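In order of appearance the chains are A, B, C, D and E, and numbering begins at 1 in each one.
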Amino acid sequence: MSVTSPSEIKIPYSPKKASMPNRLQAFADVWLPRLVLSPTVFASLLFVYGFIAFTAYLSLTDSRLMPNYELTGFGQYQALFELDRWWVSAANLGIFGGLFILFCLVVGLLMAVFLDQKIRMEGALRAIYLYPMALSFIVTGVAWKWILNPGLGLEKMVREWGFPDFSMDWLVNSDMAIYTVVIAGVWQSSGFVMALFLAGLRGVDDSIIKAAMVDGASLPTIYRRIVIPALRPVFFSVLLVLSHIAIKSFDLVMALTAGGPGTSSDVPAIFMYQFSFTRGQLGLGAASAMMMLMTVLAVLVPLIYLESKEAKHGH
Amino acid sequence: AEVEVLHYWTSGGEAKSVAELKKMMEAKGVAWKDFAVAGGAGENAMTALKARVIAGSAPTAALIKGPSIQEWGNEGVLANIDAAAAEGKWDASLPPMLANIMKYKGHYVAAPVNVHRVNWLWVNPEVLKKSGAKVPTNFAEFFDAADKIKKAGYVAIAHGGQPWQDATVFESVALGVGGADFYKKAIVQLDQASLTGPTMIKTFDTLAKIKTYIDKDSAGRDWNLATAMVINGKAGMQFMGDWAKGEFTAAGKQPGKDFLCVAAPGTEKSFTFNVDSLTMFAVKGADAQKAQLTLAGAVMSPEFQEVFNLNKGSIPARAGVSRAKFDSCALKSMDDMDASSKAGSFVPSFAHGMAIDSAKAGAIQDVIAKFMNSNMTSQAAVQALAKAAKTK
Amino acid sequence: MGTDSKFTFSPGRIFIYALLIFCALYYLAPLYVMLTTSVKSLDEIRSGNLLDFPRHPTFDAWQKAWGGACTGVRCDGLSPYFWNSVKMAVPAVLISTLIGSLNGYVLAHWKFKRSEIIFTALMVGCFIPFQVVILPMARLLGLAELANTTMGLVFVHVVYGVAFTTLFFRNYYISVPDELVKAARIDGAGFFRIYRSVILPLSLPIFMVCFIWQFTQIWNDFLFGVVFGGTDAQPVTVALNNLVNTSTGVTEYNVNMAAAIIAALPTLGLYLLAGKYFVRGLTAGAVKG
Amino acid sequence: MASLSIRGVRKVYPNGAEILKGINLEIKDGEFLILVGGSGCGKSTLLNMIAGLEPISEGDIYIGDKCVNDVPPKSRDIAMVFQSYALYPTMTVRENISFGLGIRKVPAAEQKKIVDRVAETLQMTHLLDRKPAHLSGGQRQRVAMGRAIARNPSLFLFDEPLSNLDAKLRVEMRAEIKLMHQRLKTTTVYVTHDQVEAMTLGDKIAVMKDGVVQQFGSPQEIYDRPANMFVAGFIGSPSMNFLRGKLQTHQDGLGFAVEHAGKQTVLPIPTSHLQAVKGLRNKDGDIILGIRPEHVTDAESARRSESANGYHPTEVDCVIDLTEPTGPDTLVFSSFNGERITCRTHPRAAAKPGQAMRLAFDLSKAVFFDPETEQSLL
Amino acid sequence: MASLSIRGVRKVYPNGAEILKGINLEIKDGEFLILVGGSGCGKSTLLNMIAGLEPISEGDIYIGDKCVNDVPPKSRDIAMVFQSYALYPTMTVRENISFGLGIRKVPAAEQKKIVDRVAETLQMTHLLDRKPAHLSGGQRQRVAMGRAIARNPSLFLFDEPLSNLDAKLRVEMRAEIKLMHQRLKTTTVYVTHDQVEAMTLGDKIAVMKDGVVQQFGSPQEIYDRPANMFVAGFIGSPSMNFLRGKLQTHQDGLGFAVEHAGKQTVLPIPTSHLQAVKGLRNKDGDIILGIRPEHVTDAESARRSESANGYHPTEVDCVIDLTEPTGPDTLVFSSFNGERITCRTHPRAAAKPGQAMRLAFDLSKAVFFDPETEQSLL
């Protein structure tokens, strides 16, 4: 700016009059945000909390085909806990949830790290890894069933290639069926996890890596000791999303094994659906739903707590 | 006026059959709204139905069968169609056993569409011939044949490891091993003594033996893929209801020549039935109610029963339908139905929800499925069965 | 982040490429099976190996799936349901995204007492199992005369989609400096004006993320569609399910596969076209690195 | 344009933290007030309260003679420039500047005229169609100022507007802001943590710490007579030197006695200065001497610029630890009584580290503090 | 410890941009080299190449007498401090410092000893168990330095280590770095865009622009005899004043003639200086005079500190536009021949804006430039 041209600014307009009375404006500033948020809050109160309360109530009744509003106590929970099938589902959820989350994390992270190495076809590969997210399991279930079926898919193919001892019969093996669900689940979700991690990796300060290189660390060491630990917040988000998928997984199991062979790959979501809607044991279904919700809370609350704690102490 | 019908007949022959009904209704000036929901054993359809009923917009009719009709009746949401029944003289043309199923507290609330026979054994004569086996009529012969087939390098028994298929085999075995009275006592009345008695143990033993003739890839296989194994000559025999016939005919096979339909071993005199019925829901408005009665009448009309069952492979529920166009298997079915009705061996299929209410049926099905897919002993199985039968 | 081009031909690099390509095969396998099966004839499917390449590719199955296959008494293929899905998904995606965006704006820049708690409470909505809500929701829709309509479906998807969109937008808007809002307030803009003139133009990446996410969720939803769709508003997933699931009939695998791919085309297309915005949008905000 | 008066203002955040503990400030129409202090002392909070962006917990703020406690920001007739510039990233420079005008329903033609004139004054006419992302730091800063000027408010608020610029640009923009204020004469409140900005820009400076105003006065006042050791240390770069010692009669006046290099050294206090610092007279025990680097120079320079009243700075031999040539001067660091002292010397006179050098202590501008209360003894 | 030699180094990025266009620099063992220049001139690129983090397109870099072109970073025996500190966020301070040691397989006990010693030297023993997120900017900076020191490398590299700190802290840390270098005597390359840091820290300064070294020399050399107008304007704060005028014989020497306030003013050039600036003699047409602000002062100060050789700074009356009191001095801005000039005056002598003031131009340190080439006339 030159000092020498003090062409005096005279601005004719001077906003002395507010367009809205001050009171009203102040009022709007305070209340508009709440007003905007309120439909969502009310919807959530009714459609989430209200419905949870409704389910909790149903779980205390003897509802069969249709809701019945007469309270009968905790009998449904007792019945639930006596059911083998419930415990099978719960155990399956544990196995599936644990492995699914573990493998998604490992596969997603590895792919993200590798994709981050200035890979030539990064865009195309990323699209390939991500596309299963786009498909519903109603769509891909049949394909997976074929691939994993020993008589039709992978096993047959590999045997025809000249490995007659190759065996991949998990789908039809009661003890292993739940693991095929893990395979398909990882297939569907690990790409998304990869995307989240990739986004996280791109956010890591480049100079940290340079510093570590100068410090003498090799690339694997740098990732292991420095970069990946720095992705901690991403791990939290990923864990949150994955546990949500795991607990709610329904389509996946339904399409692949429908809980079978027998009930060996049953999970709580299917359990609940069948008991509530086809077996006319709505009360029992509601009790199992409540147990599911409690599991969600048991996973969620510590996660959210940890994350908010971390965020507070973080930057 | 229009009728809205919830069903899960969505594929091939069955869809064509419903289309016939639609045509007939439209001819009578009633529009047809098709509410088709496939999947599972009507699981999704039931879910949708409940939502509709709760929302206060129940469909005109829904495909509900067996004891479930009573369960829905208890909820007080069904319509009385006595008027249509009177007009069509249903009492006269339906076997009393069936008529009872269609009634709630003495009033008709549902119209039967067909009768499926479940205790069939489907046989590929070519395979049997090559293995030197003959068509079995009891379990001794059956296992003898199975051994031979197996030795010849075929799969003896084509089976799909889904709970309802397991249950189908189970009920045929129970009927074959224990006879109709045992079946009724144990599986329909859920008599604890029969459930845990030696006959039931023998049933499970037989089932366990059958397991050994099933190929290991059966788990989760759809029934029609299993049927395809018989059609293609990969397998010798299959336990399955008469709908399997549709697969054979679709593949251009002739009954009696390319494939045989015989009663499951030891059940020649008995008949396990699976009756599809359209259960009528209370609807509002005189128009709608009238259309509902029209629908009920149409379903029970001999014309419809004929076309529908020709398409679907089952036999008409009512008497007085021309037998002319039905094939040999169907004719055999019709004869057996008459005979077994008289002999008291006309029994409801448990595997297809005709025998007991859904909660108990589900629990028992779980036990059978577990037995089929684990090393459970017969002893343990009957204990579990007895416990499941107590499900409320 | 790998810092050097030196590594280009090292064994490590080759290993990485090999691994990435192996992964790609794993991801592509089901798609391959679906595609090849959809162009085989039924005979070829019955007789051959399902991993074989089709010998006489034909698009009959595609035609049938789109316009001729039966899903009940109707034999119009997927096409009518496809448009049902479009009519449902487009408004539901737009509305839930817009509401999520406004909510996120409030929660990030117009915090008030307890707004953080409200945010956390809203998040629970992401985790509710949908099976739980079917019956009470059906009752409410019935009362509101929305049962069995596209409107009703849109409503349900909006209600249960907003939790996610709010989460996305809030986390994104948190990264928009507060000072921008302050500056606009001093400039005289009110709540909505700031949203429209300052926040909205900045939101393209996160809108893309939300569009993709919501569209995938809503398009692929089956449960709500079958339960609340009635007869007139059934989305394509329900039709596909009807087509694929046969209780007592012949299964036409090639038609099933073609139908499956047709039903997935919009989401697939979205991922292919806008997938890069997805990763970019996640980088921009949703993830705190 | 308007005066600004802040009366007993307190701020307690919802989390219970009391960030401002009763602030009283008053400036006249057209004055330039600087709020300076360390990070987190509450400067931005106070500024936001003046702008109406944060509610006031207690007390009143008057702009002109109107209490604005309940007036929303847009009706306070203020403009604000932020540290991060807060330019609307999706708008061009022209749109950024005219946004506030548009909202106030200024006709389009008028808007254009205003924007053009502002752009001309700030020499950024060629930037008008660019987006902020395509501007350099200095240009962005300029646009932010332009946006503020365009509205011709009666009160300007600046929140560390220069701290994102590099040193060179900071110096230039500082002068521009000062010129702008001279031309427009708009009352201004300016937040900074940079004491150089505070000194060079302000008519009045309020030095803040922990939500309390430590001293409020003109820059020279604050520089020459800091109210306490915090202010003394904070204002001035390099910082004031503090030496601990005792008062002692020396000749006919007082001297400041301090141990150095093993023996007692007495720095006499000029009598003229003694009169100013009345608090000294009856002070026993240790006191703290505050002396600015420019008053500890090489003996030669000192002699040359000796003050008129015949006072001779005391010369002391010191060993040099470190030198920092800045160009015009060279800073010399040395130890005195075990404490690091900084001296500003002529480049030619500076010795090498490790060598001895004769330093002259000019106490005619020295200040003294009570070691307990850290308050100035005046 | 080692010398560093950069010979004809060029850098072309894969996108084809030539960022460094042949750099030649040479420093001896233990020297402190500053790379200074505007943003984007290639400083960081050069530093990264010295560190081995970027491949060299052409030329050689020697550390000691070994060409390190193909040596990976970890084997170059260097340590580096980054602008963003680049502390490992998930590790404690102790782990941060010992990470490099661990990788080099230093035994744990040894590591602990080293860390403790380093922490003590940098006075951060109490911070050892904290994570970087819980440190203030200054503390982080200290840890980053600690990490570098711990490895006891033969070459230190700093990339703008102070630019994220506020002004006050920057001054302190600057002194610490200088002290550290004095103690350790490790060869150091230090990148900055702050000319004050360059002046105060460096043994040698390389001023860069657009990938070319404009001048390479000691700080005083560069300050007193800048090679061109870019260097002259870049080094020194406030910037050197440039005046356009003509040479004229004046008395027995030369004078610099310039229009001011409507009439011709001649500023005589001291003869002693004339000898130094030989390039002037046969110069026709316009030339540019460069004169630093501290050489344009108030007449009174000028008279007092008159140079020994009898040269009198020329006094000229000027109208003051703006004053900036910085404490020890007051900067005065005025116009001269239509150009802004900055003068450094005694606080007491500064006039108010709008008033006239007598300024003394001391040309004994002036430099002259060719207006075309902008090169210094020496």
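Methods note: contacts are C-beta pairs under 8 Å (C-beta built on N, C-alpha and C of every residue); 3 or more make two chains touch, one makes a residue touch a chain.
Here the structure is a predicted model, which means the values were calculated and not measured.
Under the contact definition stated at the top, the chains bordering both chain A and chain B are C.
Contact analysis places A-C first among chain pairs (by count of C-beta pairs in contact). Taking the mean of all protein Cα atoms as the centre, the chain whose own Cα mean lies nearest is A. The distance from the centre of chain B to the centre of chain E, each centre being the mean of the chain's C-alpha atoms, comes to 93 Å. One finds 56 Å separating the Cα centroids of chain C and chain D. Chain E has its Cα centroid 25 Å from the Cα centroid of chain D.
One finds 54 Å separating the Cα centroids of chain A and chain E. Residue positions of chain D touching 2 or more other chains, listed in rising order: 72, 74, 104, 151, 179. Contact with two or more other chains is made by residues 40-42, 47, 50, 54 of chain B. For chain C, residues touching at least two other chains, in rising order: 3, 5, 134-135, 137, 185, 188, 223, 241, 244.
Interface residues of chain A facing chain D in the complex, by the touch rule stated above, are 1-3, 5-9, 11-16, 18-19, 22-23, 25-26, 29. For chain C in complex with chain A, the touching residues are 1-3, 5, 7, 13, 16-17, 19-20, 23-24, 26-31, 33-34, 37, 49-51, 99, 102-103, 105-107, 110, 112, 115, 118, 120-137, 159-160, 162-163, 166, 185, 188, 190-192, 216, 219-223, 237, 240-241, 244, 253, 256-257, 260-261, 263-264, 267-268, 270-272, 275-276, 278-279, 282-283, 286-289.
Against chain C, in their complex, chain B makes its touches with residues 4, 7-16, 18-19, 22, 32-42, 44, 47-48, 50-52, 54-57, 222, 224-225, 228, 232, 241, 243, 246-247, 250, 312-313. Every residue of chain D that touches chain E in the complex is listed here, in rising order: 39, 163, 166-168, 171, 174-175, 178-179, 182, 193-196, 199-201, 219-220, 223, 234-239, 292-294, 301, 304-305, 321-322, 324-328, 331, 333, 344, 347, 353.
The touching residues of chain D, when paired with chain C in their complex, are 14, 48, 51, 53, 72-74, 78-80, 82-84, 86, 88-91, 99-100, 103-104, 147, 151.
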